[in-house]
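What follows is a pair of complexes built around chain A, which joins chain B in one and chain C in the other.
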Partner chain A sequence: MVGNPNVGKTSLLNALTGGDFSVGNFPGVTVEKKEGKGLIDGKAVTFVDLPGIYSFEAENLDEKVARDYLEKEKPDLILNVVNALNLERNLYLTLQLTKFCIPMVIALNMIDEAEKERIRIDAKKLSEIIGVPVVKTSAVKGVGIEELKREILRGGSVPKVFSGDLQDIIRMAEKIAREIKVVEELEKPEIDEVLDEVFMDTHLGIPIFLSFMWMMFMFTYSVAQPLNDLLSFCFDTLASYIASFDGWFFSLLGDGVVAGVGSVLSFVPNIAFLFLFLSLLELSGYMPRAVFLVDGFMFRFGLNGRSVIPLIMGFGCNVPAILATRSIEDRKVRIATALINPFMSCSARLPIYVLFAGIFFPRTGSVVIMSMYVIGVLIALISALILRKTLLKGESEFIIELPPYMLPNFKELWLMTWSRTKHFIQKAGTVILAMSVVVWYITTYPGGGIEESYAAMLGKAIQPLFSPMGWSWELVLALISGFVAKEVVVATIGVLNIDIPSVMAPHQAFAYMLFTLLYMPCIATIAVIRAEIGTKWTVFAVLFSFSVAYAMALIATGVGMWL
Partner chain B sequence: MVVALIFTAYFSLLTLLETLSALNLFGFEGGMLMNAFVLGTITATFLKGLVVKKDSYQLVASLIAVAFSALAILVYLASGIFSYGILGFVAVPYAVRESRNKK
Partner chain C sequence: MRWYSVILFIITLTAGLVELFEGLKGETALQLVPSDVLGGLVLLVISAVFFRGVTHEEHDAFLGFGSIMLAIFSVLYILVFLANGLDAWIVGDEWELLNDLRIEMVLLPLAVPGLVLLNRARKTLPP
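Coming up: the complex of A and B.
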């Protein structure tokens, strides 16, 4: 399946496979690959959804992946998905596809939207010009899907080859579009005009966007919280019950596997609610407008509008936030966004701030906590600027199409939410399982309580590194345990029964909070960074964030002592 | 425009109440500044519609108010946290009527 971005390829894949598709990466690169099997008249057909591209002219990663796939894998058929609302630009890619001499079928998708706008397309004439079957479809409404399936089984036809330079192809695409399209009325639907006038308003656009983002937070955390609490309770009860039996195996299963994996799975409601809201924003057509609105501001830091969603999502959880960087087409911007994402203070860090602010800053607690969020954002933006001026230098290409507003249908919303949530469970769950076993081992052995454990030995061995900040080995051990999940820092402080006010001063506490904000991402985030942008950048992310955290904590301690 | 004027005044009041309760002033408590921000944005959108005399601002503001109200009700049911945004449900009839009038 080949087509421009936002032409409804994923919706068509849903319709053709009944939603049975997996999301992975193309070999050796981190470009998303959706692959699914559909059964047509008893025959299994494998569909591969290539990344959305505008042409084969530019040298970006998505176009390279698509070209390599067509040249090396030699698929049986190209299903070229064309947006009926924007024929000229879509046909430009279609004409370029003819050069591969692979049998092709064209799906004129979003035909219902085109008809709403009084655009009539002569599919038969287009079929004669290109030399391949053309089917009018609306993936969202299920229109033309059966006919498309029949054409797929017939195997399509090898198209006539259109060659020439860039300008020739553009002229040919425009000429064909003029020949096959009749526009009875060019007016935009009234509701689209109404919504765009307000959502893209110079003064109100950004506040409305921020309001939606806040609603997303409310939905993700407050509304999903009871489900989260229920799952937490179930896993805690199950873990305690299993661990109450004698023997190392039950301890491993209860305190290690169930407690560790359960701590991640209990976040699934939050993650699912977050993805549900994001899918709603995407499918409704609002998201591209939001991206366009904030693009100017993000550009100053070497990023683009698409970076803002992953960064905002980072306040919830860095794992899905880094997965959301997949929507960024420019690879360097994508890497920069993924690398700075852990600086956005995720919800798991909040209990740490609440604990320390409550003890040391009872009057100004909320201001101190708010300052953590602000510092995180500032450091993320400054880091992005530095990265884009040095290691990730380059111009950012940014093309965005503003699709019409649509009321998403429930099935599509569900499929989009589920495929993303499933990805989170698979990716984070497997890593957490392994790490839970490791943490269980180092906190349980060689025996005699946590203070005699390998974890304690590790804390004592590493403590000298933090002596300039004056933190005890117990506090250092809590930081190490936070490597698994940031909430564990507070849990470890509780298990070790540390009397915090007696072991540190307020400025040291502030430095400790800063360090927990900035130091290396948790293991699930590291696993996702590795999966998304590779091992080299993961090592860089860990070292970079640790260096920044150490420097900031040192500065905070120094300034605190001086004051 | 009378509707816009009434809604501007009504949502200004809700914004004020939410702000006072977020800052724990005059006996109000339990509000959140970000909720006040959303209510302020809705007010500003109604106000702009009033100033530029365009229905589109009223329609979008009422749609946002309805969405926020629905979410605030869900939050209240899930966690017991009250927001004056709940009272934005009064915009439902206007939002429904105006949405139907548009193509």
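Coming up: the complex of A and C.
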């Protein structure tokens, strides 16, 4: 299935397979691949949904993946999904598809929307021009699906080849669109235009967008919180029960595996709610408009509009935020956004800020805590600028189409949410399981309590590195334990019974908070960074964040001593 | 319906300012209007949408969309309210019900006229 973004390919995939499709990645890249199986007249048909693209110029990863797939896999049939509301842009890709000489069927989708807009399309004429069957469909309403299935079984036909340079193809697409399309005059203004008056208003557009981001934040964390707590409670109870039995195996299973993996799986409600909200924004047609609004600001830092949603989500949790970078088409911008996302202060760090700010800055605690968030944003944007001028050099360009507004279909919303959530569970769980076992081992052995453990030896061994900041080995151990989850930092401080005011001065506490803000949030974050941008960049991310955290903590300590 | 936009503008502006200033001070003065900087800012954005519509030629769109935003936030705070109750039950904490009530929840009925207007004007949104 090939087509522009937002033409309804997923809806059509859903209609053709009855919802039986899975989401994965194309081999070797972090480009989403949807594959589904359907039965048509007793015959099994496999549908592969290629990423939405505008052309085969291969300037971005999606275009390259789609082109490579067609050239190497040589599918039996190309199902070209065309948006009936935007023929010129869609036919540009259709004409390029003819060069592959693979049998093709065109699905002229969203035909119901076109008819509401008084657009009539001569499908028979289009079929004669391109030389392939053309079926009018509405995936959401189920129009034309049976006829499409019949054409798929017939195997389509090899199209007439349209050759020429970029400008020739564009002119041909425009000419064909003019020949086959008739638009009647509308009596009233389009509701899309009316809504755009509000959404894209010069002064209100961005505040409205930020309001929706706040709403997404609240929905993802506050509304999902009971489910999060319920899962945490269940896993904690199970872990404690298993660990209560004697023997290293039960300790490993309870305190290691169940506790560690459970800490990630308890995120699932938050992830699911996030994807639900993002799917709602995408399917409604608002997302491209929001991206367009903030693109100008983000461009100054080498990013584009699509980066802002993952960055804002990072204030809640970096794990789903990094997953959300998947929506960024430009590979280098996607990598940059994933790399800087850990600098956005996630909610797990807040207990640490509250603890130290409450002790050392009782009157100005809220200002100190807010400064952590502001510093995080500044470091993130500056890092993006540096990365985009050095390791990830390149222009930040993207094409965006403003689709019509739609009331999302419930079934499609559910399927989109579930397929992405399932993918998270499968991908993040593998690394978490391994690291949980490692952390359990070093905090349990060789025995005699946590102060005699390998983790404590590690803390004492590493402490000299942090001696310029004047932090004790217990505080360093707390930082190490924070790799599992940031909340564990406060828990470790509690377990070790550290009398904080006696081992730290205010400027050292501020430096500690800064370090907590800037070094890698947790194992789950490392896992999703690896899943999204690869092992090499993950190693870079860990080293980069540690270096920045160390440098900033050192500067804060120095300035504090000087003051 | 411009007069109705003016009423909604005044109500949301007042509530937003109170939430914002209470949030900056760090204390709650009125029961239904909590100290919440970000919640207050959102109410101010909604009030700005209503205000913009008073003088704009596409007045109905601004009233309709402002009402959508008000309705969505009302429903969201209702969900948060219910979630806090459920969470307190799960965790075993005491739930101070009155502390979780807020004015955005009460404003939901006021959004209805704008939503009705928008629904009548709907032309191309599919069911």
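As a working rule, the second predicted complex is superposed on the first by the 556 of 563 C-alpha atoms of A that agree within 3 Å, B and C clash if a C-alpha of one lies under 4 Å from a C-alpha of the other, contacts with A are read in each partner's own complex, and residues count from 1 in each chain.
Heads up, the rule we're going with is that a residue touches a chain if its C-beta (ideal position, glycine included) is under 8 Å from a C-beta of that chain, and two chains touch if they have at least 3 such contacts.
Quick caveat: nothing in here was measured; it's all calculated off a predicted structure.
Model built by superposing both complexes on chain A: chain B and chain C clash. By the touch criterion defined above, A:57 reaches neither chain B nor chain C. Legend: residue contacts after superposition of the two complexes on their common chain; A:117 is shown touching chain C, with no touch to chain B.
When both complexes are overlaid on chain A, the residue A:407 reaches chain C alone and has no touch with chain B. Contacts of A:195 after superposition on the shared chain: both chain B and chain C are touched. Contact with neither chain B nor chain C is seen for A:179 once the two complexes are overlaid on the shared chain.
Once the two complexes are overlaid on the shared chain, A:214 sits against chain B and chain C alike.
In the superposition on chain A, the chain among chain B and chain C reaching more residues of chain A is C. Of the two partner chains, chain C is the only one touched by A:230; chain B is not.
When both complexes are overlaid on chain A, the residue A:76 reaches neither chain B nor chain C. The contact surfaces that chain B and chain C form on chain A in the two complexes overlap at residues 190-191, 194-195, 197-199, 201, 203-204, 207-208, 210-211, 214-215, 218-219, 222-226. By the touch rule above, chain B contacts chain A in their complex via residues 34-35, 37-38, 40-42, 44-45, 48, 54-57, 59-61, 64, 67-68, 71-72, 74-75, 78-79, 81, 99, 102-103. Taken together, the chain C residues at the contact with chain A in this complex read 26, 38, 41-42, 45-46, 48-49, 52, 56, 58, 60-62, 65, 69, 72-73, 76, 79-80, 83-84, 86-87, 90-91, 121-127. For chain A in complex with chain C, the touching residues are 112-113, 116-117, 140-141, 188, 190-192, 194-195, 197-199, 201, 203-204, 207-208, 210-211, 214-215, 218-219, 222-226, 229-230, 233, 366, 404-407. Taken together, the chain A residues at the contact with chain B in this complex read 189-191, 193-195, 197-199, 201, 203-204, 207-208, 210-211, 214-215, 217-219, 222-226.
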